[in-house]
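Going by the order they are written in, the chains are A, B, C and D; count residues from 1 in each one.
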Amino acid sequence: MSDAAYTTDELMIVNAARQLGSLAASGHPVCFVGIGLPSTAANLARHLYRPSPVLVYESGCIGSKPTRLPLSIGDGELAETADAVVSVPEIFAYWLQAGRVDVGFLGGAQLDKYANINSTVIGEYEHPLTRLPGAGGAPEIAASAGTVMVIMRQSKRAFVERCDFRSSVGYGDGPGDRERFGLRGGGPKWVITDLGVLEPDPTSCELCMVALHPGVTPEQAISATGWPLRFADALHTTDMPTTLELETLRELQAA
Amino acid sequence: MSDAAYTTDELMIVNAARQLGSLAASGHPVCFVGIGLPSTAANLARHLYRPSPVLVYESGCIGSKPTRLPLSIGDGELAETADAVVSVPEIFAYWLQAGRVDVGFLGGAQLDKYANINSTVIGEYEHPLTRLPGAGGAPEIAASAGTVMVIMRQSKRAFVERCDFRSSVGYGDGPGDRERFGLRGGGPKWVITDLGVLEPDPTSCELCMVALHPGVTPEQAISATGWPLRFADALHTTDMPTTLELETLRELQAA
Amino acid sequence: MTTICSLREAVAELIHDGDSIAMEGFTHLIPHAAGHEIIRQGRRNLHLVRMTPDVIYDQLIGAGCASRLTFSWGGNPGVGSLYRLRDAVENAWPHALEIEEHSHAGMATRYAAGAANLPFGILRGYVGTGLPEHTSGIKQISCPFTGESITAVPALRPDVAVVHAQRADREGTVQMWGLTGVQKEAVLSAQRSIVTVEEIVDELTPMANSVVLPSWVLTAVCHVPQGAHPSFAMGYSTRDNAFYKAWDPIAKDREVFTAWIDRHVRGTADHEEFCQSIGLGVHAGV
Amino acid sequence: MTTICSLREAVAELIHDGDSIAMEGFTHLIPHAAGHEIIRQGRRNLHLVRMTPDVIYDQLIGAGCASRLTFSWGGNPGVGSLYRLRDAVENAWPHALEIEEHSHAGMATRYAAGAANLPFGILRGYVGTGLPEHTSGIKQISCPFTGESITAVPALRPDVAVVHAQRADREGTVQMWGLTGVQKEAVLSAQRSIVTVEEIVDELTPMANSVVLPSWVLTAVCHVPQGAHPSFAMGYSTRDNAFYKAWDPIAKDREVFTAWIDRHVRGTADHEEFCQSIGLGVHAGV
């Protein structure tokens, strides 16, 4: 299969779904998903892996099993196919904060080398160059989910040395900060990009490239990163999206 | 109608229902009711007065309209006929504590002259002579309901100078205590007994006899009270239960 | 005790210049018709409160109704920016908009505290983010039992809550189902409330996942079919995703936006005329 | 992830001597069969937690299973005293029972805090009563915004929660409806959980006023028809008011009580035999 046979969105979605698949081996991973790539990846994993991931939406749906991809987080299908529908205060208090979510998904406009994310403002807070949507559910997803998966396109503009604003915490300013902040969740474990996969170094907490997608060079990754990018010793290449993965994904998107 | 034509329970129920009826004139009074006499009185008032009282049960039922008297606070009929059924944490937080209840009902083993009530222990707490059920919903009903109606049989053993334990607060040790405790509700306004009706003196907060039931003498009331009982200047006699009141009540009880 | 009245009367009576108003609905059941009526009546200096400002507040902000916004996520879900919100924050157009920014969990906690008549609520949240530096109402307190540090946020007590629901009975008891978000808390936290409904019925039949708000906790109930459009009311309508996409170019340009508001909102007498104006049919019921 | 197993297995596996256990159900859905199984298996030194101890804890206390009780109202509703509870508190029979006493609102707040993974919860409560003097976990804290004094109570985090529900599906997702009290909070606050159900079905059809607990938050689900008796399960059974009244003379006397427990609980192998023993028919389903 040639490069042109899939889009970079599909590539990111397939790789995110695979990570969920690897977690599925030890039981249904409970995923707290937002709309867009995370929801698509989690739904793809639900079709590909057993035990299948459990989807929790911040709109209050627990265990949704949509047959088509939801267009918004409040899509009627999500409520209709859910095991339970609860209030928004409850979903955050009894489910996310309580530590019942295994994997949270985040994205944003900026990501720094400690996996902190900015989805609030570019520029100064009081006089922003660009006013972004804001933190939404991210601060508490980043704090309380068992692990966090970040899905973002890699570029010098987005992958920055330091975020203009910290909407959600990855590893703060480095080792020990999560503990200092009293954050219960494990923090970001995987950053899935259009170029490959980054993971935090276990010692320094700095995001390092652990895999590149087929055909991507280390130089491309370096030039798409705003900090001096390090690579894992065992840098590997991700598997090409399989026909099954792509067909399942496309059927889902066409439904 | 002779004395023997009604029981003292009926007398208390009818008089409690009348108080709710007088509140109904200014809109549906929202009543937080326990099982027993309060529930019976509130249901009687629901049949006799318009706008009818709204019944809220601590089991989570809001706006129950039982056709027969519930035997327990968790009677199926209460849930089936309710406008809404909510959780127990919600009924206490969003409804009682929020100040949405106009009238709370209380009773107990002991009542003192400042309308504090004991339903916890007779004797010392650590070595009780009699262990009673405990406070239940009473502390927060007494604190947060707009007003409180107490229904209790009057006797020297029950109407005491000072309660052995304070399960719920009336006026504490006198004027100013409710404010000092930060209690939002207005406190007990009526004590309906088998002998008559007591109300707190507006200045001293001490419970005074404002009415006696037909045929009851002041001496009877004095000898059934453990503190030097005072009487209102305008002491009146309650109206005899009417045929309509008694028939409606008995139909309810027979249903 | 609630009154069943027209939306025009409810807004005229209950929403005043300078009020704080919470119009809630999490994607589902967003009270758009009420937002339009506020624009029609020309309210000013409103303090808008809402977890997800969305298109409904983009319109109110662009129309000059608001001077303050309390929120946690301000975008057009699945589409992109709220350009009127951005223009107000970035360029003070049509005038400056003061913002007070929280997280979703924090906003939900604040509404719940308001509904429970508590002065504050607590959560594990915000710590390590940039929010506490810029938002004054975020403080750390110690657990009196464990000494652990926990975040406190002040209760929300808006002057008015506005929500949309599927139906009400003739006494004004309201029933909504499906995703009901933070609407119960918004209504119970507010001093006054307006509920627009798709339908008024003789009797509310029980529904799964439904929230019922008794008439006696509501101030006004208004019969406004399609009152959530372009959001939806499960059982009555579906989300008009095309409208959300079409909003993007309208909101991007001040003049296009103003012309749209003038024509479809200010230029119509009520929601029925608005629906005709944008070519939206009114459904036949559930 | 839940396991569907027998109640005997669930109790053997999940409830240990010395555990704190919360068996909840507010009049409706009280897990009596599970209480009997705990007596049968002879657990000791349990810390019993429950808003309304009721007949279920009267039996556990009288059978010598408990050394501690956390509660807010201990009576036989509509009937009178819990004589075994009283005998333990007043006379230390069969042995001393340490008590920790709260109000209903406080207990509900404590469960909700536990379910939300907060170390404490806040309410307007207890002030001016005798409870704070005798119960250590009641403290006043200041609102960090208004300075107002508010009551804090520690979260409840029982080792095991035990509840009864109408039904579960074959994966162990549980559905209960009608009055559901504080059961969701009890289950979500506990480390482990056991749910007994009237029926196991292929599919859970949606019901009004229902609470659904997904299989993955539960530890064990057990099929125990009539498992709430003498309490009830709406749609399956009605409250056995005669039993509650009949309990009064049984509980009043130590020997009569012990004989009853020996014969009907210790002398039966499981709930089915118990039902036969007391002459209770098992219903045919919803």
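Observations, loosely collected:
We take it that a residue touches a chain if its C-beta (ideal position, glycine included) is under 8 Å from a C-beta of that chain, and two chains touch if they have at least 3 such contacts.
Not measured: the values here are computed from a predicted model.
Counted as hops between touching chains, the shortest connection from subunit B to subunit D is 1.
For the pairs A-C and B-C, the larger set of C-beta contacts lies at A-C. Here the spacing of subunit A and subunit C, counted between their Cα centres, is 29 Å. Averaged C-alpha coordinates give centres for subunit B and subunit C that are 40 Å from one another. Subunit A and subunit B have centres, each the mean of its CA atoms, that are 57 Å apart. Within subunit B, contacts with two or more other chains are made by residues 93, 97, 144, 184. In subunit D, the positions touching at least two other chains are 112, 116-118, 123-124, 148, 184-185, 209, 211.
Taken as a contact graph, the chains fit none of the simple arrangements: neither line, ring, star nor complete graph. All chain pairs that count as touching, in label order, are A-C, A-D, B-C, B-D, C-D. Partner subunit B is touched in their complex by these residues of subunit C: 1, 115-118, 173, 184-185, 188, 211-214, 216-217.
Within the complex formed with subunit C, the residues of subunit D that make contact are 116-124, 137, 139, 141, 143-146, 148, 150, 152, 154, 206-210.
For subunit C in complex with subunit A, the touching residues are 26-28, 51-52, 71-75, 77-78, 81-82, 85-86, 89-90, 101-106, 108-109, 111-112, 123-131, 133-134, 148-149, 178-182, 184-185, 209, 211, 231-232, 234, 238-239, 241. Within the complex formed with subunit C, the residues of subunit B that make contact are 27-28, 30, 54, 62-63, 83-84, 93-94, 97-100, 144, 184. Residues of subunit A that touch subunit C in their complex: 35-36, 58-61, 71-76, 78-80, 85, 87-89, 92-93, 96-97, 120, 125-126, 128-131, 133-140, 143-144, 165-169, 172, 177-178, 181-184.
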